[in-house]
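Quick one: structure below, then a few questions.
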Amino acid sequence: MALESYVPVVIFAVVALLFPLGTFFATRLFRPDHPTPLKDLTYECGEVPEGEAQIQFHFQYYMFALIFVIFDVAAIFLLLWAFAWGGLLTSASPVAKFSIFLFLGIMFVATQYALKKEEVIQI
Amino acid sequence: MPEFWINMGPQHPMTHGLWNMKVKVDGETIVDAKPEIGYLHRGYEKIMEVREFQKNVVLTDRLCYVSSITWSHAYCLAVEKMMGIETPERGQWIRVISLELQRIASHLMWLASYGPDLGLLTGLLWALRERELFLDLIQLMSGARMNQNFPRVGGVRNDLPENFEAMCRRSIEHFLEKYENEYQAIFQESKVFRMRTEGVGKITVEEAINWGITGPNLRACGVDVDLRRLDPYETYGEIDFEPQVWHDGGAGDSYARFVCRFNELRESCQIVLQALKKMPKTGPYRVKPPRRAEGEGYAKTEDSRGEALFYVIGDGDDRPYRVKIRSPVFCTMAATPTLLRGNKLADVVSILGSVDVCVGEMDK
Amino acid sequence: MSAPLVPDLFGLCKVLTAAIIWIVQQIIYALAGPIPPLAGLGDFLGTDFVITLVTWLIVVTVVVLWVTVINLFTIMWVERKLYSRLQDRYGIMISVWSLPFWPFNRTRRPTHRGTGYLQNLADGIKLIQKENITPRNADSAMFHISPVLIASSTLMAFAVLPWSSGFYVANLDLGILFILAAFSLAPLGILIAGWSANNKYTLVGGLRAAAMLLSYSIPAVLAVIALVFFTGSLNPIVIVGQQDRPIVLAGTTLPIPAWYVFGPQFLGFLVFTVAMIAEMERVPFDIPEAEAELVEGWTTEYSGMRFGIVFAFKWLRMLAASGLISILYLGGWSGPVFATVFVGSIPIPIFPEEFWFVLRVYGLSAFFVVLSWSVPRVRIDQILNIGWKRLIPYSLLAILIAAGFRVLG
Amino acid sequence: MSALAKPLPHITGRPVPGVEKEVLAGLKAAFASKLKDAKAVRERLVEIVIDRADLIDVCTYLKNTLGFEHLSCITAVDWKDHFESIYHIENYYNGCMVQVNAQIPYDDPKIASLTGLWHAADYHEREAWDLMGVEYEGHPNLVRILLPEDFKFHPLRKEFAQEVDRQYISRRKLRGGK
């Protein structure tokens, strides 16, 4: 069964999770722990930090998340299509065979257009 | 509120020394900048008022440890102007040689620090490797690698050692070979390097002159001003050399500043070779300066970072009444907000690296 | 065409486990005389479930140790030594032979005459003794979780990355996709790390990292899709098997291996390699921790071993990325020499598949090292420009080429 | 004089011989009565002494008419009975430098700011105020630049004795600690 082959992955995940955790806990035995107010200050190049860093950040960063989601969906579709490609080639229907090129062509043109329109990718 | 101030300094990899560049960013774009200096202020102008003329040379050496000789030379020149004495000819030639060697060493230090600013640590080690050659030459000449205390009021400390000319030629030959083959490849011909430096930190000629930017930074704007030729001191008037001015388009950006400085390395080598050929083989290299002096004297010299100006007033005592140091970096620093505004946060290093900041001389 | 040194890691470990468990069982049965309930424990240990579970644990531990102890230290040593030579200096020098206890080396501290392999270990020991500082204003829980997330997700890539046709933990049909998924988990951890430290440098670094890694995971996936048109599978072992033959061009067999890089996939290879350089955050794409302007980027507030883990896992990402590239495009572990010596009746290959694979991985890593130490860093908007305006169109083009080639023949 | 009335179109980067006499003549023609002293000290160096009231006029004339575009340096000097604010203004077209000594009475150390003419005056005037205590009226941001903001003295004045009035600056002290 296919699911069975994931058992080692699960075990690996547990070990991989324990590896850094174990390292952090193991270092407790060796390291000192003397927090002072000055030491616990946020690092700001030796100056006293001014203002908060956790601010509402620039919108441009979220644009990437949006574009990424769009491309991700397209990528999943293409991946499934690529898997099925071998079977489709043998099937006689030319529609099934060549519709990918239509899709890819539209995607290519659309991407080019969008990126041309967004002259500089700001951040 | 997407804008906030970021402190770059005093403990920051970008600041080669102690100073603070406060940058206000909106996302990644710089909206405003505010340099804060004075961390390294040592009160030079006050200390120099209580030391004798000759003993101040040791202080001016430490104004900028990267280019000591150019600074102490500027001081000596100003004091000589005040006292009305002149260095013998051979002494002037030795000074020219030492100045140019120091300029090369200083520019190599700048090149070395510009590399890691842009993420190129290899540039640092390569440039420092060749800097050793010139530090060795300076050591041969003056006895010390840094803080040489070499120029004196009335001349230089000592004559050139034997075989200096041959060693100088050999070092420069070796350096120029590396320059043509390695530095050009890693800096100037690198596509990524040009991507990072071209078109950032632009400043127009009018703004640059108005802000008092001098030296290679001004020449990068296309202004043909080199004090070695515009107001010749020592024997620079007899030397045939070409100030490195950026003539192509896109003047005043980081790349132009880089190219001007970078080409000055080669030009300085040519000056040294010329000076070695033209200088008299023997003769006095120092005159005895008077102990006390009255009057005022100023000297402006082409430091490796721009126009260094010393203004010395004596009141008849054996120590100066008032010394004023004009540091080129101090004036450039005033213009940095203009340079930075509108660029990206990552360009701060590309711009401030290219203007070559030396905190010692800036804070005096 | 070569044979693996470890034909079947699970089988090998199972023999070992069975032997160990048998010995433990005998001890338990011997003790079961005075304490009868122990006999049930002995029987339970003998069950197939326990043996399989313990075997998997051993397999996983072996792979984790192989990756983190042997390969990680070696790759760090290779990088540090290589770029030192690039910069005309010796680089790290403390090694086994420079330790003070050798008869020819009776000094009080390690001398600097070795090859430097122990330097990374020394650094690790130093980092272990360092204090872990948590900033007062930081979001403590998130601040502590994110290094674990980054480290574990990176390590997860090795769960399905085979080191030869026999040396692997799991053989998944979607192995390549799994590795890419493990790679794309790291931006989340980096974003959390950048946000939680409540520091401006980490914030900007974390957001840069997120934007960059997201942008570059799309071309990587698209390049893999272009490859899938040819392979029809995402199983790394199958993909390598397909490349383990000479190229046949117009009926003649050429003396060139049929790696996917020699063919219509070349564009995809270039796109994938560039995307992987960005994914492993190396110069020229190391903008998230651009030390010149952001001190240390999103790792600024980490100290002690927490920094060490986060820092060292960059090399693990490099290992995984190099392995992925060599599996997909460079023929994986297929080697040219097949020579075995027989110890008794057990055949032992002189140049096993693992050797060829590790050779490729290290060769690629060396290429990345040389590249990253000879160019400056690219600015973030330029990086995103390259990602969106160059790599994505090119990867779409690669898909078109791949599909076209399949249609034509 | 005629060549200097309008700036040359190009900066040649070479000195013009005898230029100091032309500059001196031009200055004398424009501000005959206001110049307390004017002399060509040596080649390419002119020195004039003016009162602080005429500073802006002289500098505007120098910059706009004679082409002295570069303000090199501003020095404040404590002459014990009066202050002097000394401006070194440089001409890039011919390499000439004019030294303007503006005299300021001791009990009222104020002079007009040149920031309207040159941006470069910004930092120089801040420094001169910081170290010498000469107040530049009209400066947009006249705060201490090299010394800490709570420093009490102007150390370059002759009355500031180095050994007596030393103010120990310690971070801990500034924060209110011991």
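By letter and in written order, the chains are A, B, C and D; residue numbering begins at 1 in each of them.
In the analysis below, contacts are C-beta pairs under 8 Å (C-beta built on N, C-alpha and C of every residue); 3 or more make two chains touch, one makes a residue touch a chain.
Just so we're clear, the structure is a prediction, and the values are computed from it rather than from any experiment.
Summed over C-beta pairs in contact, the chain pair with the top total is A-C. Chain centroids computed from C-alpha atoms place B closest to the centre of all protein C-alpha atoms shown. Here the CA centre of subunit C is 64 Å from the CA centre of subunit D. Remark: subunit B and subunit D have CA centroids separated by 23 Å (rounded to whole angstrom).
The mean-CA centres of subunit A and subunit C are about 18 angstrom from one another, to the nearest whole unit. Between subunit A and subunit D, the centres computed from C-alpha atoms are 59 Å apart. Touching of two or more other chains is recorded for residues 4, 7-8, 12, 28 of subunit B.
Within subunit A, the positions touching two or more other chains are listed as 44-45, 49, 52-53, 55, 57, 61, 122-123. Annotation for subunit C: residues touching 2 or more other chains are 200-201, 208, 295, 380-381. Counting only pairs that meet the touch rule, the chains in contact are A-B, A-C, B-C, B-D. Of all residues in subunit A, those touching subunit B in their complex are 44-47, 49-53, 55-61, 122-123. Residues 4, 6-8, 12-14, 25, 28, 115-122, 125-126, 129, 186, 190, 192-193, 195-196, 344-349 of subunit B are the ones that touch subunit C when the two sit in their complex. Residues 1-2, 4-5, 7-12, 20, 26-29 of subunit B are the ones that touch subunit A when the two sit in their complex. Only residues 83, 86-89, 200-201, 204, 208, 283-284, 286-287, 290-293, 295, 373-382 of subunit C touch subunit B when the two sit together in their complex.
For subunit C in complex with subunit A, the residues that touch the partner chain are 53, 56-57, 59-61, 63-64, 68, 128-138, 144, 147-148, 151-152, 155-156, 158-160, 169-173, 177-178, 195, 197-203, 207-208, 210-211, 214-215, 218, 221-222, 224-226, 228-229, 232, 295, 300-301, 304-306, 309, 380-381, 384-385, 388-389, 392-393, 396-397, 399-400, 403-404, 406-407.
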